[in-house]
Every structure is written in structure tokens, then in C-alpha cells.
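Two complexes, one shared chain (chain A), two partners (chain B, chain C).
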Partner chain A sequence: MHSNPAQYDLIAPTTLEAVLDILASEPGHYTPLAGGTEIMVALGAGRLPRKPLVSLQHLDELRFIEVLDSEITIGARTTFTDIRRDAVIATDFPLLNLAASWTGSVANQNRGTIGGNIVNGSPAADSPPALLVYDAVLTLISTRGTRLMPYGDFHLGYKKTALAPDELVHSITLQRDFKDYIPYIRKVGTRNAQAISKVAIAALARMNNGTVEDIRIGAASLRDRPTRLPATESVLQNQALTVETLGPLLEKARAALRRETLPIDDIRSTARYRSAVAGNLLEEFLRTLVAV
Partner chain B sequence: MSEPTQPGPLFTVGSSPLRKEGVAKVMGQAKYVDDITLPDMWFGATVRSTIARGRIVSITFDPAIPWHEFTIVTAADIPGENTIVHLTKDHLCLAETHVNHPNEPILLLAHPDRAVLPAAVAGVQITYEELPGVFTIEESEAPDAPAIWEPAPEDALHSQEKNVFKTYLMESGEAASLETIFANAAYIVEGEYRTGAQEQLYIENNGVIAEAFRAEDGSLESVKVQGAMQCPYYLVHALELVFKLPEEKCRVIQTETGGAFGGKEDFPSVIGSHAALLALKSGHPVKICYDRAEDMAGTTKRHPSRSRHRTAVSKDGKILGGEIDFALDGGAYVTLTPVVLSRGTIHAPGPYHWPALRVRAKAMATNLPPHGAFRGFGAPQSIFGTERHMDKIARVVGITPEEMRRRNLLAVGDRTATGQIIHDTVDMQQMLTRALTESGYHAKREEFARTNPTSTIKRGVGFATFLHGAGFTGSGERRLNSLVKMIVDAKTGNPHILVSSTEFGQGTNTILCQVAAEVLGIPYDEVFITQPDTKIVPNSGPTVASRTAMIVGKLVEQTAIKILAALQPYGYEIGNTFEQFKKAAIAYGIEHGDVNVEARYQSPGDIFWDDEAYRGEAYPAYAWAVYVAEVAVDTSTYSATCTDFYALQEVGKVLHPVLAKGQIEGGVAQGIGYALYEKCVWQRGHMANNQMTNYIMPTSADLPPLHVAFEEIPSIHGPFGAKGIGELPMDGPAPAILNAIEAATGIAFTEVPLLPEDIFERMTANGNTGGSEDLNPSIDRDTRVESVA
Partner chain C sequence: MTTITFTVNNESRTIEAPPMKRLLDVLREDLHLTGAKEGCGEGECGSCSVLMNGELVNSCLVSALQAEGAAITTIEGIAVGQKLHPIQQCFLEKGGAQCGICTPGMILATHHLLEKYPQPTLLQIQEGLAGNLCRCTGYTRIFDAVQAAANQPGKP
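Now for the complex of A and B:
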């Protein structure tokens, strides 16, 4: 332990309103604490900013999965275990189900929350690529009221988000209209479990008679933030995918992917590796589409 | 040598009773050092160097910290010598004027509140005049390299050259005629192979509690250290010098130890001395327990290595002669490196017959934290090179890896490279047949040859054949002069084994009690083993070198035989019940007190070793093995996964099948980590990935099914025929896996750890896109291969 826990105050207001009041009273002064799986690591390593912690752990009003006919809303404090166990997520949003299953260890999944995962803003996080391709919409809440934000607008830079200092993520809403899409997701981590992504791709495509009607590609660890790959998507959009066209299309798509990503060399991998493997994963996905 | 007489079949040895300390561990009752608190105990922390090499210019203390609350220890506070003694005295207990590696201890702090220590450590500012460092074997051996280490005059035996800790020259057979042999050989095959550092990653980090006791006049009377460790007497000897105290005034107790793998062999001498210095100055017991980041950055790792082979081979694949240059990166101080180098040197020839061989070995100084003991102790490094090279020779000659081995394996009656005659009745030819059959090796080779061309996942099988010596090398056991005691309590009738051999998860307590119970003819549950405390237990040697079962077990057997002899006049015989044993012990006790016997190691008469010429009986006995690995290389992610593993070994009598299988499984898992996952990322001597998030140890999700098989040929050197088993499984996985990867991809990788990024760079080199069609296995991309007409 490289921090002194005695230097961190922890308050646990009993209601969501009380938490929001506290956050509004001194915006930026507090660190909200949900599952704590990231905060405890930072504390152990001695790099947790010395701010008082506001616990959200007991706020059950943030832990829910609400299923309507047309959409599903996931409370920010919903754990990865909750997500893995939800039958509707498993059938309608398989990419999210799988991403949750790859997050940390089982113990991490029991504590870690989907809201905490996106607020933490890691470019390598497991669930963001899936949420990006499902066009998730966030509900953000503060004493000033609630606002909706497309999840695609949420990440602004490395560990930088559009969340205001007095705001919490309340919930995440997904439209249930991906039944006709072919899903693809692959995480290339440093090992098969308890690993951080070296590169990950989550993707969806809707095909019509061999033509790509709609394609969405989300990626982790390829830029300073979780990201969609719009240039790569537009290369493929409305293209006929056949054994003959695959080669040239792939070449263009790989080139677009290289242009719109900025992978880095770090302690886990190299930029060259990340870039090449991202292209290979894209190829793996497109090959599954040719057969359809 | 006296042999126990056994009237019937063995009743305890060869079965798998519960581990002696198993229930306490499972129930959470076992006390590890960080579970222990002493009255008025303080906590210690270490201020370490932030640079690799330099002169300490100034040390200042942040005025915001209330330093009067702390005890601060510097080298000036050391009552004895400022040294951590191993083979020589170059390793300081605390740096004084210079530092030679990152994270070198400079100052020690103690405080009653553990939580304030990290900020205090950060509040000590040290400035340096930085000096150039060397960080690899190549940088260290370069003619113009800075002299980062110079041998002291008294170290002339170890080395006389800058940056060279130790050299060995081992010549065997017709070594003098090597040039002629090379000149006439059908093939000369050369290769260079490298292995990386590896962290032991015991579950429990290094930790101790120390106390210092003063006489009435205030002078230091004695010190006492308890903690996680393998070798309590190593720490006793370190304390004797640091505190200028006689052996009996330095008491060391091993607490329950959560794994070690060699990482708690030499290092407890450092942390134990530090805690005792703080205890002496503060007047309080002081606990130092590293956290994972400090343990990984500051303690020992496996030595990185480089092996260069040049081998003369006949047209039909028989080895005619060879030269092996073996080099280790020793880190900044000598510590145990010469011994690691020795084991690596002796194991470099592998289980093969070399008509002529010259092995040149050297250990180089670098500005990394000192590398230390780790399961295998030099052998995994040199065996990796040799087993990869055997596959290369096979490819050059145009025979299968199997045939290459068959034509060169040692057989009974042959001589090893040190001239030792193989007396064991092991049949490596038959073991190879069994291993390849039971692992499905040939069927898999055929299947993968069929399926690989159309798959993005390339699969392959490979194997390694090897041996590992049990016990200390050469005359080492004679020097250790180990002593074992056994006491039968005259009240309860229970025998107690007294040894300094420690339990750290591998089964020492259990197997030694099994041996005693078997000899005495009483139930395993009635035999106890005393927690190692140097005030009570004799020095049975360090718990290292695959020696506990064979060497210490044999001494336990001898003490038990003496107990039997003592109790026989009082009416106890084999075949009687424990009640009768107890009755005899009580009757003995009325006349003499407790039965108290001891046995000291005596070298078997036929063991001879020449330390200068490296000739003779290198080890009393060897364990023999054939390991077969199956791999899958995904050409989309360039990742290699071990998908199946088969381990066959001959280890003498298996004392406890469940523990023995566990040893092999654990060692293979560690070997898979060594081969494919575990990479120490060094940045100017500092381990940059000193956390388990980024130092990638394989999880159960990364490991294949592990099939473990034993052959048991009893050895006269161990109790009931047991030999050593602890280190063996570390030797085989890395070469077997890389041999399998070559079979799968056609690429001859020569270095571990082999990460996906490394495979990527090779597969995409020369403009290749990575498909297997780009990889012609007949093209050697590594090293020169010449074919002499």
C-alpha cells in the first residue's frame, strides 16, 4: 500500500439527492466511489488524488436493469455480474454480455459497475466498444437536472469525459433494434483472463443480399479513448461483400483503420502490433460477413 | 550404508496423507509473518536508489515530515560489517557512497504507524552524480564497457577481470581435438539462444519481524528474526556479520511461508538484516513486509542468459563434439551467481553423449538488482539452449527431432560430460517411446501437417529430453555437513523431527514425516515436525537444490533407524502398534529421558568431484524427463498458446503422489509462463512492470490440461529410493514449447519469453503478411549453418 488510507475521508449520504447535493456544494472536490475496483488499485499504487470519497455503494436506485419493448436501461451502478446474468442483454446485446464476461476477475465483476467503467475513461476498458456500436445514450444527473448524451460524445480524451464535476452517470439506455445484425467481438488481451486489452474490436453489421447495409465498429486501445471507427465504417458502408470484392475492400478498410487510429507503444504492447492485429480482427469479421 | 528393513509393503510412503500444515492453511489458522504482531512493534520501510549507478551526493529530509517520530538507520548504524554475506562480500547491506542498481537500499525508516511510511520514504530526497551503467550481457562484456564491478583481491578465485563475477571451463572427452573434429565433421551447426529474467511471484511477499535484545549495560546481546524464508541458517550467518555476534546470538525462526521458488533463499538475509538494524536502533520489534510493487522491483529474479552452441555432427546425426558458451547476467552483486552459473554449466550438455565438449561459462555484472535463486537455478537457462539446438541439428541433418535424440541419448554405463558414469538403470530410449506414444505425438504431427495449411491457427507438437541433478553440486553436500535430529517425547511417545529444512508449500513437512513414520512403523499422524527455529533445530542445510527429499529425507531415515534401535530393548518392534511404541518410549524415558538421536551427512564413498577441473560425480543422482508440448499459434493475433502438455519423469520413489504431481503441474505452469508470458520490462535497470497487471503470469484460463506420469527407479541415495523433484519441471516446458512452435510455424524462435509482439515481428519481417505460406522452414533466418563436404 503506497497510500495512507487515513488521509482519505469517506462519506456515504443515504440518498441519491444527498449525494448530488454534496457534489454540487463543491464541484470537483469529491471522488465518487462505486465498485471501487479502479480506485482501490490507484490507492494501493499511491496515485489516487487526495480528495474525499463519496460512496455510491448503497444507492440501490442506481442499480437496475429496466426492460421495455423498445429499449433497455441499465442503472450506472449495475455490476458486470448483473449484466452477465441478464437474459435480455444476453439475447439482444451479446457484445455487452461478452465484454462484461471479460472484465477483470469474477471478484471484479461482482463489484465493478458499468457506470464506473465508462466514467473511469480508460481507452482499454472492455465495455465501451460494445456500448459505442449499440449507440448507447447516457442519462447524466445533477442537482441542475438530468440531461441525455449520446455515449459517442462522452469520451473527450485520455481519461477525460464530458461529465460535469457535479454530475453522476445515472443510467445507460440501449435501443432493442439489433436483432438483424451480425455481431463480432474479440478482445486481444495479455492473457485469457484478468487481462487488459492490447486491442479489442466490437462490431455489428446488417447485410442485405451480400451488401453491407449498416456497419458499426468500436475499438479499444487504438486511440487515447474508446472510439468508433467512422472512416473504416464508411469504406464498407453499402458495399457488396463477395469473395471477389473482399480483397480490395479489405485493403481500403485496413488503410482507413490505420489512418483513423493512433495506437501507442506502452508496457503492454507496441503500436505496430496493435495496428496490425486490429486489421486482422477487421478481416476476421468481414470474412464472417462474406459467407452470409 | 544401512538400509531400513521393511517386512511388508510400504504403508505411508507412496500414499498421499493430508499435508501436515494443510488443515491450518485451509482454515485460515496458519500465521504468516504479516499476521503476527508483537507488543510495541513498529514498522519499517526502505529508502531506495532511483538511478542505476552513481555516487550519492546529498541526502535531505522534507521538513514537512515530523522526523523525530521516526527511527532512521544508515550504514553508519551497522554495528558489524556492512555486508550481506553470500560467497563474497561485495554486496552491501546499505549503500554508503555509491549505488549500483535501481532500488538499492540506502536508508531504513521505522515508525509505529505503518500508514505514514510511504510519504516518509518519498520525503527523503537523494541526489546523485550519475555514472554510466550497463544493462545487458553484451554491454557488460564490451571491451570499452565501464568497469561497474571489480573483483576484490580476495575474490581472485572467482574472477580477475572487470565486470566478470565468475568463469568456468568444463572440458570433456577429446576436447583437445575439437578443431580436428570440427574440420572433419559432416555438419557444423551453430546457434544462439536467450532466456529472460523471471519473477518468482510467490503469493506472500518477502516479510520479517526483527527484535534486538540488549544486556544490562546497554550493549547488544542478541538479535532474533522471524519471517518467510527457505534457509534460516543463511540469515543467521548474515546477521553474525552485520551485528558482529556469535552464531548462537542470532536466532532465526521461519514462519509459515507462502511460496518461495528460490526467491526466499538469499533475499531474507537482506530484509532480515534491515529489520534487525531498525529494531536495534528503535528499541522496538520492527516488521518489514514489502508490498507487491516493492517486492517485484527490489528483490531477486531468475538470471537472464545467452547460450552459444557450435556442434560437430556426423552425416547420420551423431554428435561428434561441441563448444558451448554460456553467459549469465548476474545483476549488480555476486550473491549466489557463481553457483547458478555452475548448475547451468553442468546441465548444458543435457542428457547426451558428447565425445568431445568444451563449455565456457561466465557471469557478467550489470546494473540491475542482483539476480538470484529461482527453481532450476541456471539449468532451465542452459537446457533451453541445448534442447532448441538439438531440434536445429535435426533439421540441418534432415532427421526428426526424435531420431536426433535417439542417436545421442546417454545410456546406462555411459559417462556424462563431467565423466560421471550413469549407474541409474534409467532407459531414456524407452521413456522417449512412452512419452511420445502417450502424448499422441506422432498422430498429432500427422494431423497438424494435414490441417495447418488451410487454417489461420497453426498447431504443432514439440518435446524436450533432459535431466536434473538432485542435491548440491559436486562436493557441496560434503561442505554443508547437514545434521538432522529426532526426539521422541517420553511422555507422549510422539517422535519430533528437528531440521532447518523449511515448508513453503512444496511438502517438506509431509514427506519427512512420512519417511519417519514408515521407518518407525507408526501412523503418519503420530509423527511431528518442529517449526524451524535455529535455537532448537540443527542445520540440515538450506531448502534448495532439489535436496530435501533425497538428502535430508535420508538423514531422517537414519535418525528413525537409530530410534528403532534405542527402543528395541524396551520392547518395540516393527509390526507393533503405536501404543506399544509409546510404551517403549515411556519405559526408555524412565531410564534416559527423551529418545534423542541425530544423523550427520556422510558422503557416499563413490562420490568424487574436482571443483577446478569440473570432473567427477556432479550429483549423487539425476531425475530424467521427457516433456511434450502442443501449441496453437493464432496468425490473427500472433499469440502462441500451449494447448496440451505431457510430462513424463523418472524421479526415484515417489513419496507422496499428490504432492509430487502438484510439484510437476506447478513447475510446468511456471515453465509455460517463462516461455510465453512472463517478461520483465527493464528501463535502465528498473523493472517497469513491477505489478501483476502488467507482468503477465498465466492464469488457469491460459494453461492446458497437464498430464503427469512417473517412472520410479529407486535410488540408493534417497529414503525409500526417492530422488529430487522440485526443480526438474522448470527445465522442460520452454524448449518443448518453442520446439512445438517451430513445428507449427516453421520459424525457429530462439528466445524466451516469446510474446505475441515477438512472433508478430518475425512473421511480418521481410514484407511477409504473416501467412504460413511465407514461412519456408528450410530457410534458416537465425544463424549460419554450414555444411562441410
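Now for the complex of A and C:
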């Protein structure tokens, strides 16, 4: 059922201060609107809460990529196209570059923002696993000031986040510490382009003489929220990876992964399929690490 | 209702519309530009594609107020006077259009693609048009048309 757009008010203040004042005036009463690729679909489907909206379209101060020697900060209103164009993200954070490259079509990437992707909180979204693996830190902002939050603490449940009703995501900061890591990312969906994932894994490993010095695994669609897989990571941490050890290690890692994930049956896939494919992706990743 | 002023095909236009009205409906209903089509209404099919400040967007996912001040190009603004744009000519010659529902979107997506990659590889064409669905042609003729357009003088 289509909603009637005439029943929704939308304002577009020209400063961040004005947007924050409006959000603070009646916390929870206004819905922020960024690229609209989630909100306009919800409107069309008749499931957009009947609340007035406040557009972030004029807030250029939320659309930036700031590169420092030690870290990079991405404004919440940065689009996936902006992310794909950034040379530092491509070299230092390849998982994020690739996730952006398959977040819907070109038209979708021209409008969709990274802030909207994480606040929407879908367990299937593409950038969260990469951001979790890179230990991203969020800057949240309201009239009360700004606060920093490890991105790992942001998702609280199915489409539930730690964002307060008067807050915006301001930006996302990543440390440039991952140059020596081997990246792995794969999204499994119904078709290569433009399909929401059934399962996705984004991972990094730093190897030293065949031993796993540090491993980080992020996943989409394996729990009710985007998630790291800490138990699976700790099975692999500090282990020597050789042709001989790979088999037994994989078995332990697959078991840990099954225990710590709770995939669901839904319109896109089944829990059994998701669990099996996630194990296969893990195997594909570990095989690339053998003898590195 | 909100007053919204923007540029459509190089002409300044001002309309009164609910601010959350879809740009697609503003174009079709308020401005009678019916080239952009509604296929899915949810960002999946690309038949409503237009250029907004030079970027390809799905007009079914842009609210009217978000287009305030923007420069919009629709399929009606692509031809040069009475003369077809080289991309349109190539779609015609290569059989890249059958029923025509996807064609306005395909042509704008091609326009956007050729600005980015003047000589696109097949893979770049496939990625650039992945958000535009066609139920008729089987895509091969569309890809041929895009390649032919890339080799034309006087494209975008």
C-alpha cells in the first residue's frame, strides 16, 4: 500500500545547528532524511512512521572524507560513490571500498549514504561488517554535545541502535593501521549486482611466518544485527596455518561459527543455507592464508 | 505544500507540491514530462532514472524538496533540438529498444556511464547499467548500442 506523501511534512534547514535544535525540541518526533534510499522505499510501501522529516541535504559539513596521517574520518552524509572515488579508502580500507561498490546500483550509490546504512541497522547491510572489522569509532552529535562510541557498541538488536532520539551520526573514524593485513570480503546474494546479501563476510588477517597474529571477522545476516565473530576469531588467533593444520582448524572454526551465529529463515534465504555458506566463506578465506 | 524551484532540462521551473512528493511524480504530473517511467517504485528497476546535478538517480526515491535548486535532466532534455542524441541514435540502430519502457532510463544511465568512462569495457557497461532492468531485449543489444555510442563523435 502506498502512503500519501501529502501526509508527511519535510523541512530542510541550512545549518547543522538548526537540525540539531529541531531534533532536540521534541526528541523522537522527527525522522532524519539523508539519501532517502531506505525512507522513500518505506514511504512507498506504506511502512514509514507518520512523523515529520528533517532533511540533511544542506549539511555539507556532514559530507566529507578527512585524511590524516594516522586516521581517516568519513562524514555520515558521504555517499557510496564518494567512498568508491577516494584513493586512501581504496588502498587502506579495501573492504569498505568493495562493500560500497556493491551496495545497490550506481544510482543507489549516488544517493545512499554511509550514515543511513548504519542507522537503518539492517543485519544484511554491506558496510557494517567492514566497519566492525576496522574497529570504527562513531562520533554522535546533538545539542548536548558530541560523544564517541566504538561502532561495535552501536547495534543493540534487530534494527535497534544506541543512537539517542535527538542525535545524529556525525562521522565515522578509522585508524590507518591495517596495511599489513590480508583482506577478504565476499557477499552471497541472488545475483551479483544490486541484491541484498543472503550472507556476507568481511575479514582481515595479519600473518607472521605462517602464524595468525591477528584475525578479525565481520558478518552480515548471521545474527539479528551486523556482528563480529569473536569466538571464531579466538579459535584461529595465534595458530600456525599450514596445509596439515588447516583441516582440523577449519573444523573447530566452523563449529565456533555455528555456535555463535543465529541466522534466521526469511524471504531471502534459510538459516541452514546461511550457516553452511558462512562456513564455506571462512574456509575460502583461510585457504588464502595458508603459507603466507 | 512547499514552493520548490529547480532547473529541468535547462529551464527554471517553480512548483507547489507536498515536500515528500516523489520527484518522479513531480516530473510526470506537475511538469507533464512523462519520459521517466515508474516500474517498481522502489529503486530496483531504473526506469525512472534521471540526472540530478549530473549524477544518475532514481527519481522514485528522491523527494521533491530534495530536488530544490538542483539541475535535472530527463530524457526529454537529451535530444539536441529535433536531432536525436548519438546515444539515442545508437539504441535505435542496434535494436537496443523494444517496448521502450526501460529505454529513457537506459539512455540516461548510458549518458552517465560515458561521462565517467568514455571507452567503457563490457564489464563497466554491465556494472553501469546493472540498476536498469529490461524485460525485452536480453541486454546484448543494449550493450552493443552503448559500445556503438562510445565510438561516436559528439557524445556527452
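We adopt the following convention: the second predicted complex is superposed on the first by the 290 of 292 C-alpha atoms of A that agree within 3 Å, B and C clash if a C-alpha of one lies under 4 Å from a C-alpha of the other, contacts with A are read in each partner's own complex, and residues count from 1 in each chain.
The criterion applied here is as follows: a contact is a pair of C-beta atoms (placed from the backbone, for glycine too) under 8 Å apart; a residue touches a chain by one contact, two chains touch by 3 or more.
Computed from a prediction, not measured in an experiment: that's the story for all the values here.
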item	value
Contacts of A:Asn110 with chain B and chain C, given as first, second, both or neither	second
Chain B versus chain C as contact partner of A:Ile196, first or second or both or neither	first
Touching partner for A:Val188 - first (chain B), second (chain C), both, neither	first
Touching partner for A:Leu43 - first (chain B), second (chain C), both, neither	second
Which superposed partner A:Asn120 touches (first chain B, second chain C, both, neither)	neither
Partner chain(s) touched by A:Tyr8 [first = chain B, second = chain C, both, neither]	second
Partner chain in contact with A:Thr73 - chain B first, chain C second, else both or neither	neither
Partner chain in contact with A:Tyr273 - chain B first, chain C second, else both or neither	first
First, second, both or neither for A:Leu281, with chain B first and chain C second	first
Interface residues of chain A shared between complexes with chain B and chain C	2, 5-6, 41, 44-45, 193-194
Chain A contact footprint on chain B (complex, rising order)	115-116, 118-119, 291, 293, 635-639, 677, 681, 688-689, 691, 693-694, 696-702, 756-757, 760-761, 764, 770
Chain C residues touching chain A - in the complex, by the definition given at the top	2, 18-22, 41-44, 46, 49, 55-58, 60-63, 65-66, 68, 109, 112-113, 126-128, 130-132
Chain A to chain B touching residues, read off their complex	1-6, 41, 44-46, 188, 190-196, 198, 267-270, 272-273, 276-277, 280-281, 283-284
Interface residues, chain A side, partner chain C - complex	2, 5-6, 8-12, 33, 35-37, 40-41, 43-45, 53, 55, 57, 81, 104-108, 110-111, 193-194
